[in-house]
Amino acid sequence: MDSLHTYLFVALLLFCIGLFGLLQRRSLIGMLISVELMLNAASINFLAFNRFLGPDPAVGQIMVLFIMGIAAAEAAIALSLILALYRRLRSIDIEKARELRG
Amino acid sequence: MIARDFMLFLPELTYLVAALILFFMCLPQKADHKAIYAVALALAGLGVAGALLGMGQEGHLFFDAYQVDLFSQVFKLILAVAVLLVVGICHGLAGVEDRYHADFFLFLFTCGLGMMLMVSAVELMTLYVALELSSFSLYILVPLRRGDNLDVEAGVKYLFIGITASCVMLFGMSYIFGVSHTTYLAGIMDRLPLIIQQPAAMIGLMLTLSGFFFKLAVFPFHFWAPDVYQGAANQVAAFIATASKAAAVALLIRLTALTGGTSLYFIDVLMVLCVASMTLGNLVAIVQKGIKRMLAYSSVAHAGYVLMGILTMSELGYSAAVFYSMAYMLMNFAAFGVVVMVATSGQNLAISDLAGLHKRSPLLALTLMIALFSLAGIPPTVGFTGKFLVFAGAMQQGYFWLVLVGMINATISLYYYLMVIKAAYLSESPAELPPLVVSMPLRLLNYLLIAAMVYFGVCPGGFLDLAQAAVRGMMGGD
Amino acid sequence: MSFPILSAIMLSPGLGLLAVLFLPRENKRAVRWISLLSAGLSLALTLYAYAVFDTTAKGLQFVERVLWVKSLGIYYFLAVDGISLPLVLLTSIVFFTGVWTMWDLEKRVKEFFALMLLMVLGVYGVFMALDLFFLFVFYDVSLFPMYPLIAIWGSTRKEYGALKLTLYLLAGSALVLPGILYVYFQSGLFSFDLMEIAAAGLPPSVQSLGFLLFLFGFGVLAGLWPFHTWSPVGHVAAPTAVSMIHAGVLMKLGAYGVLRVGMFLCPQGLVEWSPLMATLATVGIVYGALVGLAQTDLKYVIGYSSVSHMGLVSLGLATGTLGGVDGAVFQMFAHGIMTALFFSSVGHIYDRTHTKLIPELGGMAKVMPRASFFFILAALAGIGVPCLASFWAELLVFINGFQVYPALGTAAVLGLVVSALFMLRVVQRTFYGEKNQKYAAAPDMSAVMVIPRALLAGAILLFGLLPRLMLDTIQSGVAPLVELFK
Amino acid sequence: MSPAIAQYIRPEVVAYAAFGFTLVLVFGGALLAVLPKNIIHNVFGLATSLVGVAGLFIFLGSEFLAMMEILIYIGAICIAIVFAIMLSQPMHLQIPKRYRPKLIFSFVVATSLFISFHGIVTRTEWEPALVRGGDWEVARLGRLLLTRYELLFELVSLVLLVAIMGSIITAAALGGDKNPTGDEET
Amino acid sequence: MTAVAPGSTIVWLTLAAMGLPFAAFLAIFFVTRPRLLPSLVISLACSAFSLAVAWWLLIHLRGIDAPLMFQALWMHGGQASIGFGFLLDPLSLVMLAIVTSISFLVQVYSLGYMAGDPGMAKYYSFLSLFAWSMIGLVVASNLMQLYIFWELVGLSSYLLIGFWHQKFSASQAGKKAFVMTRLGDLGFFLGIIVLLLNLGDLSILGLNSQAAAKLSPALLTASAVLVFCGVVGKSAQFPLLTWLPDAMEGPTPVSALLHSATMVAAGVYLVSRLYPMYAASADALAIMLAIGTVTMLLASTMAMVARDIKQVWAYSTVSQLGFMLMGLGAGSYFAGVFHLTTHAAFKALLFLCSGVFIHHFGTNDFFDMSRQGARHLRIPMVCITIAGAALAGVFPLAGFFSKEAVMGSLAELDQGIWLWAGLLGALLTAYYTFRLLFVMWRPLQPLQDKQSNPGHDDHQHSGHSSFGYGVMSAALIVLAGFTIALGFLGDKLIAFLHWQRPPQIPHHTWLLVTAILVVLVGIALAWWEFGRRGAAQEGFLRRFPALETLFARRWYLDDLYRRLTDYVVYGVFSRLCTLNDRRVVDGAIDGVCRGTVGAGWLLSFLQSGLLQYNLFAMVLVIALVGIYFLLL
C-alpha cells in the first residue's frame, strides 16, 4: 500500500486490461471505454511517481488534471464521430467499417 | 520585455488571431466562399510573414515551458509555408461540404497552431496537449468531406489509432516523469545520462516517441495513413501529408537528441522501424490503384528515410532530417497539388484517371513528373538531395547496410512512381476529356514549386546551413 | 579565369532546353532548330576544346572550380583530361547527329527534344564533373529521361523495355551512392572533390569494398555481364536517336564511372578485383557475340554486340595497364560512334519498312544503298576491320588483356571470330540476297539525312586512319592514372 | 461491535482493507468494463473502476484529484457515453458475436505487454528526487496553473473548444443530409 | 642486317604508290561512283602509277645489298607502338612487282569482262581498295602493319567475292571466306601479341634477326606456329581450305586476282617474309611441310573430279600453295618464292582465260563450254594451254623450273616420303590439268541450244563487244609472255633474293627425269581417258564411286564445318547462351521484380480494413520493444 511498486503494478494491470478491451471489443463505444481505462492507468502512474519520487507534489497532480481535461475532449470528439459513423452504417461495430483497405 | 515576448510568440499569435477571425466567420449561416478563401489565404500569408519575422528570435516563454530557437523557428516557417500552400489550393474546395468551409479553415489553422506550439514546446505535457490540439483538429477535418461514406470511417480509424498512440505516449511520459522527476526537456536532458541505462527510461522515451511515430506514419503506427488519405478531402490529405509530417520530425529530433546518442539499443529499435517502414511502404505502394493511397504508402516509406537521418543522432543526420522534411513538404505538396487540381470535383483519383494528363495540362503533368521523380530521389531535385543527406548522415555513423537498404528501397519506389508518370505521360485517356483550365495564380504556384524543387536540389547549401545551425543550436543550446 | 568553355559546352543544351520549354508546342520547326543549334554549338565548342587541348601536359585542363556547399565540401568542379575529353567529343558528335536524325519526328516534338537536351546535359556533366556529388547528380540526370523517351516514342515492347532499363540502371546507381558516401567518409576529408580524395589515398580495405560498389554500380550501365539484359531490351524499344545516345554514349558513362571513380579512387581495389572484372568482361565478350548469333531482330543484334564490345572496354580497364586503359577509352569512343551509326541506319530502315526483323528484310543493299552502306560500315567497324576506329582499340585491349590474363585474352580474341560470324550473318541476311518485294519501293535516305550519318562514318574512318589524333590525347590522361596500379 | 472484532480494526488494518476494497473496485470495474458484451454493463464497470481510481488517488494523497476524477470522469464522460449509447445502440440491434481468435490474440498481446513492462518496472531502480517538497495544498495547484502551467492551461481550454466545436459539427450536423447506406438496405 | 634509310625520292614514290590506290578507292566510292568513265580512269591511272613505281623500284634497286626501310609512328598505346612505313628488300620488291602487275592486268581485263555491269564503278573501287591493301601488306615494315593490311585484304576479298551479293551463294561465300580466314588470323594475331610482348619490337628485320636469339625455342616455335595459323587461313591450307573454292562465286577477274595470284599467296609471302625466324625452328618447318603436303594432295584429289572450270583452278591453287609451303618447309626459301612468282603468272592467266570462256558461254562447266565450241576462241585457248602446261610442269614453261626447285629441296630431306608425296602431287596435277585441257580441246558432242545453262553468273552479257574481247586478249597475251619467260629468270631471282650471294642448289638429274616422267604419265592418263578419239571422257574415278564422292564433297570438310557451326556453335553455344539470357539472367531479374510486386501484394493484406488488427501490430511491436529492452 505504501510502496511505489504496488501502484505501478496496479497501473500497468489497468493499462493492460484497457488494452485488452481495446483490442477485442467490436463496439466502438466499448473501445472508447477501454481507452479511458488506459488513460487512468497513466494518471495513476503520474500520481504514484509524484507521491513517492517527485520533487514537487503539485506537478504530478497538475499532470493528472490535464490528462482528465484531454480525456474529456477526446471522449467528446470520439463519441461524436462514433455517432456520425452510426448514422452512416447504422452500426457502431468497427468490423463493419472496412471499406478502406488494401 | 512584453514587446519582445510578443515578437517571440508572433507566429503562434498570428495563427491564434487567424483562428479567432475564422471562428467568427463560421457563425453566419450563409457564407461567401470566395471571401472565406480570400481571408484564409491572407491569414496564411500573414502566418508566413509572422514565421519569417520570427526567424532568428531566441528566447524562453511561459516559465521555460516554451522555447523559441532557430530550430523551432525553421520548422515554424516550414509549417507556415505548408499551411499557406494548402490554403492556396483550397480554391473552390469542392471536396468539402459547402457549409463548413469556414470551419475547415478554422481547424486547419488550429491544427497549424498546435503544430507550431509543439515544435517550440520543451515541456512534456505541453507537448502532449499541443499534439492533441493538432490531432483533434485533424480528426475533425477528415470527416468534413462531401460525398461518399469513406470519410467518417477514415476519421474513426484515425481517431482510434491516434488515441491509442496518445495513451501509449502518455503512459511512456509517466515513466519518464518517474525516472527523471521532471517534465521539462532540459531537466530530463540533464538527468538522462544518469538514468539512460534504466529500462524504464528507455521504454518511456520509446513510448513517447511512438506518439510522433504515429504522426509521421512510421511502421507500425502507419495504418491510418492510407485510409485517411483516401477518405479525407484532397486538401486535407495534402495538409496531413505535408505539415503534420514536418512537425513530427521536429519533435522526433528534439526527443531523440535527449539521449545524446548514448544508447545503442535505442538506435537498434529505430533502425528496425526505419527499415520496416521503408520496405513495407514501398512494397505495398506498388500494388495501389488509387493515387492518394499510393502516396500514403510512399509517405510511410519516406518516414523511414527521415527516421534514418534521425537515428544517426548526429548533427549531420539531424540537419539532413530537417532538410528532408522540408523537401518532403515541397514535393509531396506538389504531387497533392496536382491531384487537387486534376480532381476538379474533389473526387478521389485512381492512377489510371491521370491518363492523358500531358494533353489536358502539360504544366500539371510536368509538375507531377518532377514531384514524383523528386519523391523517388532522382537528381537534380530536392528529393534526391534530401535522400543524399540522410544517407550521408547514416554513412557517417557507419550504417553502411542501412544506406544500401535505403537505396534499394529508393529503386523499388521508382517503380510505382514511374507507373504514375506512365499514366500521366503515356496513356491516352479513354474518353476525350476536356483540357484542364489552371488559373494564373495556380500556374504560378506550379512554376514556383518546380523551381523550388529544382533549386533546393541543385543548391542545397543555403537551407542546409540553416538547418545545421538550427540543429547545432538545438543540441548544444540545452 | 579564362572563358569557362566546359560550362559553356554543358550549358548549351541547357539553354536549348529552356528555350524549348518556353516555345509553344505547335511550333515544331523552331523546337527542332533550337535543338540542332544548341547541339551544334556544343559540338563546335567541343571541337575547339579538343583542338586546343594540350596533349603533352599531364593532368586536368580547362579547370573550373567553385565551392558549392561549404558544409559538405561540395565543389562545382569541371575539368577534362585525356580520358574525358574524347568522351565529351563523342557526346557532342552523337548528340548532334542524333538530333539531326530525329528531324522528321512529328509526335510530341517539344517534349522529345526537351528530354533529349536534358539527358545530354547530364551526360556532359558526368564526363566533366570531378566532384563526386555532381558526378552522381549528372549521372542520374542522364538516366531518368530515358524512361519517357523510350516509353513514349519507342517501339517493340516499349513500356517493358523502358521500365526495365530505368529500374535496372537506377538500381545500379543504388550501389554507387553508398559507394560515394562510403569513400567520402572513409577519406576523412569531408570533401567530395575527386582529386583531393585520390590524392589523399584510402585505406586498402576501403578501396576493396569501394571498388566493388563502383564496379557493379557503374558496371550495370556499362553492360557488364551478367547485368546486361536491360541493354538489348532497352535498345530495341528505344527510338532511333535515343538508341544512338543510349548505346553510344550512356553505356560509356558506366565504364567511365568505373574508370574515373572506381579505379581512380580505389586503385588497390582494382588490383584486388581485376581478375573478377576481367573474367566477367571476357564472358561478356564471348557471350554477347554468341547470343547475338541467335537474334532475329536487328536491334537485338546490335544490342548484344554492344554487350560484347563493352566487355572489351571492361577487359581493357581490368588490365590496369597503360595500353589496356588506352584501348578501353578508345574503344568507348569508337564503339560510341559505331553504335550510333548502327542505330541511325537501322532507324532509317525501320522508319521506312516498319520492321527490323531480319527474316523479313533482305536485299536492302539494292533498295536503300545509302542506309545499307552505313550499316555495313558500322558492322565492319564492329568486327574490328583495320583502319576503322575500333580496330586500334580492340588491338590495344587484346594485347594488354593477353599480357595480363593470357587465357582470358585468348578467349576474348575468339569472341572476335564469333562476332565476325554474327555481324556478317546479319549483313548477309539483311542487305544481301533476294530483296523482299514488299519493301522494294521503300525510299532511301535523302541527301540531307545522309549528312549526320556521314559525319559518324567520317569519324570512324578519320580516327581509324589516324589513331594518334585520339590516342595521344587519351594517353596523356591515362598515363598518370596507371601509375596508381603499380 | 465486539471487542474481538474491534481489536482488528486497527488503523493500518482498516487502511489495508480499504485499499483492498479500492483495488477490487478498480479491477472488478475494469473487468466489467471490458468483458461483458452488454454495453450498459461496460459503462457501469467503467464508473466503478473510476471510483476505485479516485480511491487510489486518495491513497496517493490527493483528495482534490479524487474529487475531480469523480466529477469529470463519472460526471461528464460516463454520462456522455451513456447518451451516446442511447443515441447509437438501440436495444433492437443485435450484439455482435465475439471472434475467438481475436480474443485469444488480444489476450496474448496484452499479457506479453504486461509481462515485459512488469519486468521493466521491477528492474528499474526508482530513485526519489534529492530535494522533495511537501506542499500538497490545492492552493498551490491553483497558483501553478496560473503561472508555470499557464500556457498549458490556455491550451487545454483551446483543445476543449476545438473538441466541442468539432463534436457539434461532427455529431450534430454531419451525415444528416447524406444518404446512409444502412437506410438503403432497410 | 641493318636497314638503310631510303632517299626522299624513293620514300615519296613508294608512299604514293601505296596511297594512291586508296585515294582512288575513296574517290570512286564516295564521289564518282555514279559515273563510270571517271571512275575507270582514276582506278586505272592509279593502278598504272603503282605498277610503274613497282617496276622502277625493282629495276632501280636490283643491286641493293641492304634493305631500305622507312617508318613513321602510326599509333602508340602502352608499350605497343606501331609504325607505318615500308621495307624494300628483294622479296618485297619482287612481290610488289607481281602484285601491281597482276592487279593492273586484271583491271585492264575487267574493262572487257565487267562491261555493262551496273556496279562496275563500285567494282573498280573495290579493286583499288584491294590493290591498296595488298601493296601495303607487301611493303609492310613491321608485322603489325602487315597484319592490318592482311585484314584489309580479307575485307576487300569479302567485298569482291560478294560483289554480286543479290546472289545468295555469293554473299554466303564472301562471309565464309571472311570468317574462315578470320579463324586463322586469330592465331596470327595471338602470335603477334606473343612476339610483341616478348620482343617488344615487331619490325620484320628485327624479328628475323633477333627472334631466334631472344626467344626460347618453345616460345619461338609457338609464336611461329601461331603466325602460321594465319597463313593456313589466308592461303587456304588444310584444315581451312574449303573457303577458297566457294570464293569462285565472285567475278572471274577477282578470282584471278585474289584467289590465285595475290591474296592467297600472301600467306606464302608471310612465311617467306619471316623465313629466317621460321628457319630457326625446325618444328615449325616440319609442321609447315606436313600441312603443305596434306593440303596439296587433298586439293589435287578434289580437282580431279570438279566440273566447274573455276573450281578446278581453285583446287589447283590450293594445291600449289601447299606445294610452295612444302618448298619453304623443306628449307628452301628460294623454291617457295620462285614457285610463288611463276604460279602468280600462270594461275592468273588460267583464270583470265577461263573468264573469257565463262563470259562468252555463260557457263562454268567446262564440259559445257567445250560442247559450245570453246576451242574456236583461239587466243584464250592457246593461252590456257600454255598456262595449263606450266601448271602441270611441262618443260620449258615457268612451272617446270619452279616445281623443279621445290622437288629439289624435297629431295634434300631425310625422309623420302615428302618427295614421293610431291611426285604424286605432280602426277595428279598433270592429270587434272590435262583432263580439263583435253576436254576443252575435244568436245564430246557439240551442243547448239544455250538453254541448258542454269544461270551461273547472272549478270548481263551485254558486253560482247570486240573492244572487250580485245582488251581481255591483250591481258592474256602479256601474261602468257610472263608464263613462258619467267622460268628462265630463276637464276637471276635466286641471286637477287639472296643479296647476290646465292646458296649452292644441288641438282639431281634423276629427279629431273623422274619428274618429267611423272608429268608425262599424268598427261598420258588424261589423254587416254579424255583426249584420245572416242574417249568416254570419264575419269577412272568413276569406277570408285565412294572415292569420287569423297573428292567431290571435298573430303567432307565442308560438311564437318557446317555441322560444327550449325550444331555446335548455333545449336549448342548460341542456343544455350540465348536460353540462359532469357531464362536465367533475365528470368532472375524478372523474378526479383515479380517477387517484389508479390511481396507488396501480400503485405497489402496487413491493411485489412479491420482496425483492431492494426492496433494488434502496434501493441505487439511495443511489447517486443519492451521485451528487447528487458533482455538487455
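Read from first to last, the chains carry the letters A, B, C, D and E; within each, the first residue is number 1.
Following the convention adopted for this analysis, contacts are C-beta pairs under 8 Å (C-beta built on N, C-alpha and C of every residue); 3 or more make two chains touch, one makes a residue touch a chain.
Just so it is clear, the structure is predicted and the values come from calculations on it, not from any experiment.
Common neighbours of chain A and chain E, listed by label, are B, D.
Separation of chain B from chain D in touch steps, taking the shortest path, is 1.
At the far end from chain D, in terms of centres built from Cα atoms, lies E. Using CA-based centroids throughout, the chain positioned farthest away from chain B is E. Of all chains displayed, C has the C-alpha centre closest to the centre of the whole protein C-alpha set. Highest inter-chain contact count (C-beta pairs) belongs to A-D.
Measuring from the averaged C-alpha position of chain A to that of chain C gives a distance of 64 Å.
Between chain D and chain E, the centres computed from C-alpha atoms are 102 Å apart. Measuring from the averaged C-alpha position of chain A to that of chain B gives a distance of 27 Å.
With centres set at the average Cα position, the gap from chain C to chain E is 36 Å.
Contacts with at least two other chains are made by residues 125, 129, 132, 136, 139-140, 143, 149, 152, 155-157, 160, 164, 178, 181, 199, 203, 226-227, 287-288, 415 of chain B. Looking at chain A, residues 18-19, 22-24, 48, 53-55, 59, 62, 66, 70, 73-74, 77, 81-82, 84, 88-89, 94-95, 97, 99-102 sit in touch with two or more other chains.
Contact of a single residue of chain E with at least two other chains is seen at positions 593, 604, 607, 609, 611-612, 615-616, 619-620, 622, 626, 629-630. Inter-chain contacts occur between A-B, A-D, A-E, B-C, B-D, B-E, C-E, D-E. Of all residues in chain B, those touching chain E in their complex are 156-157, 160-161, 164-165, 168, 199, 202-203, 206-207, 210, 220-221, 223-224, 226-227, 265, 268-269, 273, 280, 282-288, 412, 415. Every residue of chain A that touches chain D in the complex is listed here, in rising order: 1, 4-5, 7-10, 12-14, 16-21, 23-27, 29-30, 32-34, 36-37, 40, 43-44, 47-48, 50-59, 61-62, 64-66, 68-77, 79-84, 86-93, 95. For chain E in complex with chain C, the residues that touch the partner chain are 73-80, 144, 147-149, 151-152, 155, 158, 162, 165-168, 170-172, 174-175, 178-179, 182-183, 186, 189-190, 193-194, 196-197, 565, 569-570, 573-575, 577-578, 581, 585-586, 589, 593.
Those residues of chain A lying in contact with chain B across their complex are 11, 15, 18, 22, 28, 31, 35, 38-39, 41-42, 45-46, 48-49, 53-55, 59-60, 62-63, 66-67, 70, 73-74, 77-78, 81-82, 84-85, 88-89, 94, 97, 99-102. Listing the residues of chain D that touch chain E in their complex gives 102, 105-106, 109-110, 112-113, 116-117, 119-120, 123.
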